[in-house]
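Below are two complexes that have chain A in common, paired first with chain B and then with chain C.
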Partner chain A sequence: MAALLLPATLLVLGLLVAPMAMLFRISLNEYSAAQMMQEALTAENYLRAIADPYYRDVLGTTLGVALACTLLALLLGFPAAYWLARMQSRWKSLAVILTLFPLLVGNVVRAAGWMALLGRDGAINAALRSLGLITEPLALLYTTGAVIAGILAVVAPYMILTLAAVIEGIPRQVEEAAANLGAGPLTGFRRVVLPLALPGVAAGCVLVFILCMNAYATPVLLGGPQFKMMAPAVYDQFVRGTNWPFGAALAFILLVVTLTLTIIGSTVLGRHSRSR
Partner chain B sequence: MFTRRSALAAALTAGLPGLATAQSGQVVVGTWGGDYGDLLAANIDKPILGPRGLEVVQDVGPQDPRKTKLIAERQARRGSMDVCCLSDVDMFTMAQQGVFEPVEEGRVPNLARAIPSLKRPYSAPHIYSAKVILYNPAKVPTPPQAYADLWDPKYRGRVGLVDILHLQNMEAASLVAGGTEHDYEPGKKKLMELRSLDVKVYPSNEALAAALKSEEVWLTIMWLARGFMWKKAGIPVEHAVPAEGATSICFEMAVPKNARNRDGAMAYLNAALDARAQTAFADRMGYAPTVTDAQLPPELARQISLTPEQQAKLRTPDYEYIARNQVALIDFWNKEFKR
Partner chain C sequence: MGTLTLDALSRRYGATTAVERVDLDVAEGELVALLGPSGCGKTTTLRMVAGFIPPSGGRVLIAGQDVTRTPPHGRNTGMVFQSYALFPHMTVGQNVAFGLEMRKIGRAERETRVREALRLVRLDGMADRLPRQLSGGQQQRVALARALVVNPAVFLLDEPLSNLDAKLRAEVRFEIRALQQRLGLTTLFVTHDQEEALTMADRLVVMERGRVRQTGTAEDLYERPADAFVAGFIGRCNLLRGAPEGPGHFRAHGGALLPCLAAPAPGASVLALRPERIAVATEGEGLPARLATVTYLGAQTEYHLDLGGTPLVAIAPTPPESSRHRALAPGDAVLAHWDPAEARLLPAEPGDLPDDTP
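And now, the complex of A and B:
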């Protein structure tokens, strides 16, 4: 039976583990303007990234945006997921496809749509101006809000579908029993549905959080040149600055922070759901 | 033309070493797409190299990934590109890594007619232009004379810069501060002044073009050639050559040492310097020819070339200074100026 795992394991080893190991090795090298990279075994790149307030800021922005998007996706996604999960109609598969709809267009194309909507001469500003509500266009594009909205549109389907799958597994009778015993809809949700859906909440949050931490196209296109998240900063170091060692170190810092927070988050939520 | 099929062919030859040598008539050109790629195909690939049995496959992409590819393939016995197109600054940086074959008149005879100041030992100059000021004549009725005019407080919030030209913007600022192209340090303070005058930074040339068109900004620092194209596209801009002296930009072609078809690649460089091919780029993209035997119609020449006096003051970027300080300069631009 173990042989069944072989192809996938080889693929992961060859295409994920090996490049990651190479990248880690690069992160320990030294940058040199003439040679681009010099063999070394130094933690200098990591120390510089951690000590530099600019990169701490970039990491802070990344964490802030990722947490905000995860939380918003959960708050907006839960009611939608509940509705989808409890839907009896024959239109249910259509509703699932509609939920997936934002994922059918690429990240860049979707961002271009947001740009058309949020730009100075975009749809929103044009509408507000023709209604006489504003005279000067509002700065909507190249803001943190634009980035959060853009990322949210990408990650919401992941949250909704993950939650819906778990909520579908909660028997309706449990909710009816709670109502029978005098629980109002809110109490029923708080004491019955939510605790049972916690594994889904944990899985959805982890998935969405990881996607947000690594967002690239949306922050670049909707955040503008002044806005920096980690993935674009990594790209900048590799490609614009040709400083591979430092770029690799930033990539690993992003990886470790994401992994640590993911493990903490899912452990806490997991413990919570088991204790109930 | 860059087609799905040619992309597939490029992908195949990149992935299967040995296959390309069997078809010795193929040259893979790493280039930008859009107008540039189309013009290469229409004026070099088909009319000049086609009849000689050389099949050109374009590997289309932005410049930065192409640089990264060159570095990543540095140690490989066979690279994926035969000809690599880069702008002058990046070409110098890559040449320093020792990735290119020397380019000499013996193998590229048309180099004999190239403008001497544009020749490099590691590449062929393909097209060039100069860095100038673009302004909206309706909003800025007195044409600016110098980069320094962009610092005039009456243009607060109306100056736009493009993020990708960070080095060029820093050079201009250092000239305003009395510095030279050999040292951008004096420009840093000047840029921070511009920042306090609410300068706007745009992520791409296209975003800047949109801002100029909507008259959100009135002045910018840009290549003359791009100003010419924007004007043709109906964007309200005129150009002014700065009194501090314009700086040249040259787009160059080089042959990686590990190219599969080095002879074909050198033939490509030679064809690119052909006078017929050169004039087409001037007409459509506004870039001036790099060879002295390419004749432009006088009206076009007036719009895209510098006067002899301006030409005499033309500055060449200090590639060595840039290569040495690139990382620190980008850091300043990102961490202090854009913050």
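And now, the complex of A and C:
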């Protein structure tokens, strides 16, 4: 039976572990304008990234956007997931496909759509101006709000479907029992549905948080040149600055921060769901 | 505790009617069973009482109060679900305390009442277990305790025994009945198992395709069924299509002329005769018949009779080995005899007879 794992193991080793090991090795090298990089074993790149207020700011923005998107996806996604999970009609599979619909469009294409909507001469500004509500176009594009909205549209389906799968496993009769014992809809939700859905909340949040932390196309296209998140910053170092060691160090910082917060978050939620 | 009244309660789904104008009065402390084949509307009726399904028409009154528009959490019913529906993330004690918490009962009283309720269902000392650590029978008793501890006005049971094995089921049946009588619980009980209904209920409501066919005690339904469906559903019954022929006789479709109760109900087209009310003998009075099969069932023996093309089933205590009757075999000529008062003429709807060909 163990042989069944062999192809997947080789794939992971070859395509994930090996490049990561190489990347880590690169992050310890020294930058050299002439040769791109020089063999070394130094923590210099990490120290520079942590010390530089600009990159601290980029990391802060990334964390802020990722947390905001995760929280919003949870708040907006839970009611939708609940509705989807409890849906009994024959339209259910259609509803699932509609939920997945945003994922059928590539990130770049979707961002272009947002630009057409939010731009200075975009649909929203045009509509407001023709209604006479504004004279000068509103700055909608190239804002943190635009980035959050754009990322949210991508990650919401993941959150909804993860939550729906767990909510479907909560028997309806358990909710009815709570109502029968005198719990109103809100109390029933708080005391029964939410605690039982916590594993789904944890899984959905972890999944969405990781996606948000690593968002690339959406922040670049909707955030504009002044707006920086970690994934575009890494790209800049590799491609524009051709400073591979520093780019690799940024990539590892992103990885470690994401991993740490993910582990902390799922441990807290996991402990909560066990103790209830 | 209070009374429960259903007043022309109906539920329609589009063009189909799940429950059609059900009237019922459950007296204080009475246990009434809703009995019928699957899809007869019994569970829909119970769920309308609990408030989970809004009725399309009619009213539900609990203790004289119209609760038709009251949401489930405002009705003060105690329901035991078929799947028990325990809260899997709460201990047994927390499960039982939930309803008391919702009623804002203080911690000290809550703890006392939870302990009492668990003692009542013989689960003392189990308060700290999780539901998944209990057997099916124990989970069922937790569900009972959880529903009872809040002193509900009406106690609702939705096929509570169907997930238990046969031996446990007989035991729990008596336990629930004893508990219900001791506490004087006004109870509505849904089951498809007639034996369960007959042994537990004060009165039974036989439902079929959304309608009440008959309401009465076990004896009413068995001895005086209102129609062929009830006669066939409760216990075993010979049901023969045909027509009354003069007072006191019935001509079965098979051709036999059978003695029956003198005054037939209007529209009667079926003769109903319980197998154990037919005596099979080799001499004396009775209609001549031929034995088709003889099936030994231990305490009883089942005889399939052929009365000149009309089939009848008779069941009698197995005769002792010394008896001549014990030697009866297929092909033997016998006499079938019954008190004409036992042969009832009943109305029947299409589909009421098991062998009806539509």
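Simple rule for what comes next: the second predicted complex is superposed on the first by the 276 of 276 C-alpha atoms of A that agree within 3 Å, B and C clash if a C-alpha of one lies under 4 Å from a C-alpha of the other, contacts with A are read in each partner's own complex, and residues count from 1 in each chain.
The working rule: a residue touches a chain if its C-beta (ideal position, glycine included) is under 8 Å from a C-beta of that chain, and two chains touch if they have at least 3 such contacts.
Keep in mind that this is a model prediction, so the values were computed, not measured.
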- [ ] Could you tell me whether chain B and chain C fit or clash when both sit on chain A in the superposition?
- [x] fit
Open item on the list: Under the stated touch criterion, which partner chain does A:Arg240 make contact with: chain B (first), chain C (second), both, or neither?
Closed with: first
- [ ] Give one of first, second, both or neither to describe whether A:Cys212 is in contact with chain B, with chain C, with both, or with none.
- [x] neither
Task: Partner chain in contact with A:Ala178 - chain B first, chain C second, else both or neither - done: second
Open item on the list: Is A:Pro225 touching anything from chain B or chain C once the two structures are fitted on A? First, second, both or neither.
Closed with: first
Open item on the list: In the combined three-chain superposition, what is the angle centred on chain A between chain B and chain C, taking C-alpha centres, to the nearest 10 degrees?
Closed with: 150
Open item on the list: If we overlay the two complexes on their shared chain A, which of chain B and chain C does A:Ala249 touch? Say first, second, both or neither.
Closed with: neither
Open item on the list: Quick check on the superposed pair: does A:Arg120 touch chain B, chain C, both, or neither? Answer first, second, both or neither.
Closed with: first
TODO: For A:Met36, select first, second, both or neither according to whether it touches chain B, chain C, the two together, or no partner.
DONE: first
Open item on the list: For A:Leu63 in the superposed arrangement: first (chain B), second (chain C), both or neither?
Closed with: neither
Task: Minimal inter-chain CA distance - chain C and chain B, angstrom - done: 50
- [ ] Write out the stretch or stretches of chain A touching chain B in their complex.
- [x] 31, 33-36, 54, 119-121, 220-221, 224-226, 228, 236, 238-244
Task: Touching residues on chain B, where the partner in the complex is chain A - done: 64-65, 67-68, 71, 93, 96-97, 163, 201-203, 210-211, 214, 216, 323-327, 330, 334-335, 338-339
Task: chain C residues within the chain A interface of the complex - done: 50-52, 71-79, 81-83, 85-90, 98-99, 102-103, 146-147, 150
TODO: Name, in rising order, each residue of chain A that touches chain C in their complex.
DONE: 171, 173-174, 176-184, 187-188, 191-192, 195-196, 273, 276
